[in-house]
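Labels for the chains are A, B and C, by order of writing; each one numbers its residues from 1.
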Amino acid sequence: MVEAKGLGLTFKTGDGDVVALSDVNLEIKRGEFVSFIGPSGCGKTTFLRVIADLEQPTSGSITVNGTSATEARVNRSYGYVFQAPALFPWRTIENNVALPLEIMGYADADRKARVSKSLELVNLEGFEKKFPWQLSGGMQQRASIARALAFDADLLLMDEPFGALDEIVRDHLNSELLKLWAATQKTIAFVTHSIPEAVYLSTKIVVMSPRPGRVTDVIESPLPRGERPLEIRETPEFLQLAARVRDGLRAGHSYEE
Amino acid sequence: MSRLQSILALGALLFAVLTLLLPMGNFGGVPVATWTSIPALIFLAATLAAIGAFRLRAPTPATGLLAAAGCALLIGWVEPMQGALAGFWALLVLTWLLCWLFAEQLSADIRRGRVNDGFVGWLVPVAFGVAVLIAWEAITRGANVPQVLLPAPSMIWARLTASVPTLAADFVQTFKAVIVGFTLGCGAGFVVAILVDRSPFLKRGLLPIGNFVSALPIIGIAPIMVMWFGFDWPSKAAVVVAMTFFPMLVNTVAGLNASSSIERDLMRTYAANYWETLLKLRLPAAGPFIFNALKINSTLALIGAIVAEFFGTPIVGMGFRISTEVGKLNIDLVWAEIAVAAVAGSAFYGVIALIERAVTFWHPSIRGGRT
Amino acid sequence: MRGLMGGKTVPVLIVLLAIVLFWYVMAVVMNAPWQNTLNGRANLTDVPLTEFALQTFTQDKPVLPAPHQVIGAIWTGLFGSAITAPRSLAFHAGITLGATLLGFGLGTLLGVLLAVVIVHNNASDRSLMPWIIASQTVPILAIAPMVVVGLGAVGVTGMIPKALISMYLSFFPVVVGMVKGLRTPEQIQLDLMRTYNASPLQIFLKLRWPASVPILFASMKVGIAISLIGAVVGELSNNAGGGLGVRLLTGSYNGQTIQIWAALFIAAALAAILVILVGWGERLANRRMGVRA
């Protein structure tokens, strides 16, 4: 689905060059749930933005869905969920979800069907006519996920979607997201800075570290695919996996700041 | 290289050829062709060569030089000419296309980080200002626009330098009213805001009225003030006081409420009294609002003083000069007066903006530099 | 009662009442010298204070007319004669209103168009914005007489020159506001549109334009208020054309203070009505766009 080879990205700033990504080699297979974890500045969000063609790599190559990143964007082959809901405050929830469909020129009837189907997937039926600011933060983020699902792209890119939510809401949305993933069979790339979240959700965990931003470890999860009750987080397998991720993070992190 | 730039370059090529082929103007009653002028030939050849050789992608400095040369040629021609012909207008269009192309290229260079913003960033608006002045001069003189409608910049400049004593006297007369009125109006607005601040009732009663009055044509009280305070500058200062009072009142009251409740709670934990809280917290927090009012008022004060002079003054003052010289159709002197007013207004505003930078340096809008 | 005192209505009314009272007192004080002269000529002595006060309220050309004199003049001015008669204040208000609205409409349109160009073209942003911001610090209103006389000299008279001044004045706040408004969308929203591969037109229609509507209305409120000022000041330079500015000017020449005050109040009322109308438009647009009240 996504394949990066020798990918590098250097930002030119007033204070000199910042190496956001260096020599990233990674493959995301169809149907996988891949988490990217690491401290801030490790390039995890940058990598997601490179997949989405929001940043241009300065070296190496990337293919998305078998095409270049730009072509993938032009073909609308992915949905992107940002850190903030980024809902338009002047549109109702249903019109926000319909936004990509309007831009992509879907017919009216099809649009309606897709909006209600996506809202159903994120359990937001009954909130169609509400405005974003009438919803809680968790519900707003669910609406933004519905918006990313509306046009049925196979790939879902999620950039710390639950980072701003409190722990209880986040747990709830995590298990909902797993159900949604099982129901839709999508490929998901998920950026987070929470170890339990990454371990709980993923089939593959990519550990990254900063200065320069790079991949330090790729861990295939032994946890079962599909249904994962929240209690799985107390099992030895889960804790073992979490410990390995934490070690990976520590190794790549020099605690210099 | 954007499509727009290619179109501009193509247009420049086309108009360069047109300039070459068409007659440029009447000299001594005889139409003269462009190709008889050596500088014109050099300029047009350079334009065609630069744009052609780089396949519409002449380097930015080359475009800038060509644009400047075009400007020089226009000014050189318009002086001795008795009437412009098609070639002259083609040259004007060509020069504008070159200036535009230069602005596009320079902006693109800055955006791509090829040249530093800062000095070069200023070059774009300056080039635009020069291009407007050149076009103004070329059109008014080339097409013999009636002087009463729009005099040429060179005429205005000549008039300005010739009437410095008059302009200076007018400036002094008007600025007496501006400074006195501005100081009294802003001061009164500030003091009333502090007084009103202690009474929530008055605040609720005065604020809507203040907001409302700020939108009214207060300038209309000028004839009344002239009757009350006489023809000299005090009546103009009174108009300025009335115009500047309400913006200051409204902004100061809003500014005094700008500190957050956390900060006010902090002062409470120190058992600070009203005046301590006012001086240490609320007034500094109101700084950006107060300076906003001062900036708005600097423009209003000048407008108020000038327009109030339309209603009668002793025989001196910027507004007086504008209204009487307009009647005598000395439009170039009016423009000179307006140029002085523009420079004075910008300088007045600039001084306040500089003080603001020094006083409210901590505010994000100042720290962030350019917005 | 507490609810009323807590709101704005009662405080505003009480402050207004205080202003009116103060005005009456000032009318007595300021008109007293002339009234004393009058009474001296008529050999009236020892006039009781109440009677003296009433006398100061009935002068022909008072230094400060009492509020009821102004209201009376407005009443007869508006309803005392046919609306087409040059004595009618409504007639003059109509002339000023026409120029104001025409200028405001053109200025807003031009301002929006220019803001769209500036937001989409880096070169025009860099060349124009510094000049537009700088010209806000310039007393532009000073050009009003020149525009009227200059255009009059080439045969353009009546509403057009005044409307041009109004247009010029209302254009600036709209450009500056709209440039800010069209740039309110955050990077994250622009990124979102980019992931949809939205065209520039789609980004404009679905994101930039709706995001800028609140600022557009705020700028229009400023714009319409100064449009009216522009029209009134434009009228000062052309006595023949009529309008509230001409009423101010002739009142000032003839010492007709009541006429000046009446014209001033009509102008103020006109400004208030126009700003309120734009405010209603703003509320309507906000409600349709679901902005939190």
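Worth pointing out:
The rule we apply is simple: a contact is a pair of C-beta atoms (placed from the backbone, for glycine too) under 8 Å apart; a residue touches a chain by one contact, two chains touch by 3 or more.
Every value quoted in this text rests on a predicted model; they were computed, and no experiment measured them.
A centroid comparison over C-alpha atoms places A as the chain most distant from subunit B.
Of all chain pairs, the one linked by the largest number of contacting C-beta pairs is B-C. The centroid of the Cα atoms in subunit B and the matching centroid in subunit C are 22 Å apart.
A separation of 49 Å divides the Cα centre of subunit A from that of subunit B.
Subunit A and subunit C have Cα centroids separated by 53 Å. Residues of subunit C in contact with at least two other chains: none. Against subunit B, in their complex, subunit C makes its touches with residues 5, 7-8, 11-16, 63, 121-131, 134-143, 145-146, 149-151, 153-154, 221, 225, 228-229, 232-233, 236-237, 244, 248-249, 251-252, 255, 257, 260-261, 263-264, 267-268, 271-272, 275. The touching residues of subunit A, when paired with subunit C in their complex, are 49, 52-54, 73-74, 76, 78-80, 82-84, 86, 88-92, 99-100, 102-104, 131, 133.
Within the complex formed with subunit A, the subunit C residues making contact are 186, 188-189, 191-198, 202, 206-207, 210-211, 213, 289-292. Chain contact summary for the complex, subunit B toward subunit C: residues 4, 100, 103-104, 106-108, 110-111, 121, 124-125, 127-129, 146, 148-150, 201-202, 204-206, 208-209, 212, 215-217, 219-224, 226-228, 298-299, 302-303, 306-307, 310-312, 318-319, 322-323, 326-327, 329, 331, 334-335, 337-338, 341-342, 345-346, 348-350.
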